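Dumping the structure here so I can ask a few things about it.
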Amino acid sequence: MKKIIGVMGPGEKQATQEDVECAFEIGKLVAKTDSVLLCGGMSGTMESSAKGAKEAGGLTVGIGPTKDKNDMNEYLDIPLLTGMHAGRNFMNVISSDILIFVSVGSPGTLSELAFAIQMGKPSIIIHGSEKMKDYINELSGKDIYFVDSLDELQIELNRLFQ
Amino acid sequence: MKKIIGVMGPGEKQATQEDVECAFEIGKLVAKTDSVLLCGGMSGTMESSAKGAKEAGGLTVGIGPTKDKNDMNEYLDIPLLTGMHAGRNFMNVISSDILIFVSVGSPGTLSELAFAIQMGKPSIIIHGSEKMKDYINELSGKDIYFVDSLDELQIELNRLFQ
Amino acid sequence: MKKIIGVMGPGEKQATQEDVECAFEIGKLVAKTDSVLLCGGMSGTMESSAKGAKEAGGLTVGIGPTKDKNDMNEYLDIPLLTGMHAGRNFMNVISSDILIFVSVGSPGTLSELAFAIQMGKPSIIIHGSEKMKDYINELSGKDIYFVDSLDELQIELNRLFQ
Amino acid sequence: MKKIIGVMGPGEKQATQEDVECAFEIGKLVAKTDSVLLCGGMSGTMESSAKGAKEAGGLTVGIGPTKDKNDMNEYLDIPLLTGMHAGRNFMNVISSDILIFVSVGSPGTLSELAFAIQMGKPSIIIHGSEKMKDYINELSGKDIYFVDSLDELQIELNRLFQ
């Protein structure tokens, strides 16, 4: 069994340019760990993380919210459907061994972070706001790692793999 | 069709005594609006909100995470099952017309708040921490109402019913 | 807790006139047992069973496949949503204490019958074809009752309530 | 994107020795089409189909019903979880481009066949009973192919790939 790293972040409507570029680099980092990249299968950070992983020779899986594979991005090796809308967020989290969150600036991503905390999944959050950190730390400091750069993210990822 | 008010809050492991008592009073308020009370069906605030609604003559529905009705509290007129664990949180939110959150001090409740924001459901949060308010306001101020007492909650609820 | 009787059958595209009329009468029978009628919330037999239950003073719950209550029929006291398309069929079955199937002439209804057999839920099938009976009996004769008239259905329902 | 072929059949409690051996050979055939094998992730035919695919150099995905990867078989490259019990059957079907059913002798497999018919997914059924064929043909003859041997299955699979 391969290790599965979920990369969670906003779609194109809510993602900033920085989010999209960051997710692309995260995808490359994930592929280099020889883990499978799991994402929500759609646009924005989901697409760019899968694109990054493919560029680095990785394997990509998407668990999408709709009933139609044509809705999903083209960088997925294995596009899976649920027809469950955001109800599928639970599945993305429960299927991941480690999670990486891009900024947590959208409610969909927040629902995934909440499930990750509930399940005790090791989670790295990059580019989170100060207010988000304060609240999440109040809720649970356990297994949640905040990083501000890709270098720091790489360090945390290495640590989780040891 | 009756209006459905979802009351979301922690189970007995994570609920404080104040949460449980507050949920009981919220249950009574919900019943007095002649709405159906919807909750997650289990213990803690879920049980006490249903108990409060029954005491005030209301109708109570629970959407539970397990496969067995014996897991659910005894104050539910209509105990529904999903077998989906916390995946059922999405259903609690999408089925509610209005949501009331008790404190948002547990990740399960946070996942429900995140879905409510994503769906644009009118939501009242009672006894939220300052850090939670700061972050949620940063994420989205839309249709989210923070209150610190049952009197304020009653006022917001009346306003939503106009 | 009230007993929940699920009435499962096709929507308006696949239901015959006989199915729709039969479901209406089943709704009335369910209401007279003082049980809650649970259905899939949409048109066809789902609508007419809820209409029948309301005419007989019953309480009706629908678990719908879409994200919008406006898609659901008007005879539901408690319209619940899942946004899960036919994935919600599992929930209809697991939430019911007893199931009544109208003819099983559509694949959606068949998926619900299959789940009912899997969970060992007592199930009455009215107006099933001979071929369906032969196959279902081969798969499992346990707790599955075939009836050809509303009178026979009433007898089986009484027996299940003893 | 790779094509996904779902192989659906009973777990070890309900599978016959013939079912298990047949699923193993199906797994090999699927791998030779260069498609991804998707299964329910557990024991019995699910395990042997994945084992067969791995022996032939294929890629295997499981969508499991539980919350724990340790419940899943060891021949899965990508073990995904849902925590949804048999509610996950819907996902197995909606995610597959083509489905192969081993015998349809258990209600879980029947629920998956019912969903496949509802979604119009091309489906091959091997070793189905005469009674099952009669009923399924009555329900829908569309895109459902009955075969009695692996050779016939191979022919149908080739045809679907043209």
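Going in written order, the chains are labelled A, B, C and D, and every chain counts its residues from 1.
The working rule: a residue touches a chain if its C-beta (ideal position, glycine included) is under 8 Å from a C-beta of that chain, and two chains touch if they have at least 3 such contacts.
All of these numbers come straight from a predicted model, not from anything done at the bench.
Asks: In contact with chain A and with chain B at once: which chains are those? Just list them.
Replies: Chains that touch both chain A and chain B, as defined above, are C, D.
Asks: If more than half of the interface residue numbers appear on both sides, call it same; otherwise different. Which is it for chain A and chain C?
Replies: Result for this pair: same.
Asks: In terms of C-beta pairs in contact, which of B-D and C-D ranks higher?
Replies: Counting C-beta pairs in contact for B-D and C-D gives the edge to C-D.
Asks: Measuring from the mean C-alpha position of chain C to the mean C-alpha position of chain D, what distance in angstrom results?
Replies: Chain C and chain D have C-alpha centres separated by 28 Å.
Asks: Averaging over Cα atoms per chain, report the distance between chain B and chain D in Å.
Replies: About 40 Å separates the centre of chain B from that of chain D.
Asks: What are the residues of chain D that contact at least two other chains?
Replies: In chain D, residues 67, 82-87, 90-91, 94 touch at least two other chains, as defined above.
Asks: Looking at the complex, which residues from chain D come into contact with chain B?
Replies: 67, 82-87
Asks: Can you check the complex and tell me which residues of chain D touch chain A?
Replies: Listed in rising order, the residues of chain D that touch chain A are 1-2, 4, 36, 38, 59, 61, 63, 67, 69, 72, 74, 76-83, 90-91, 94-95.
Asks: Please name which positions on chain A make contact with chain B in the complex.
Replies: 84-87, 89-91, 105-108, 110-111, 114-115, 117-118, 129, 131-132, 134-136, 138-140
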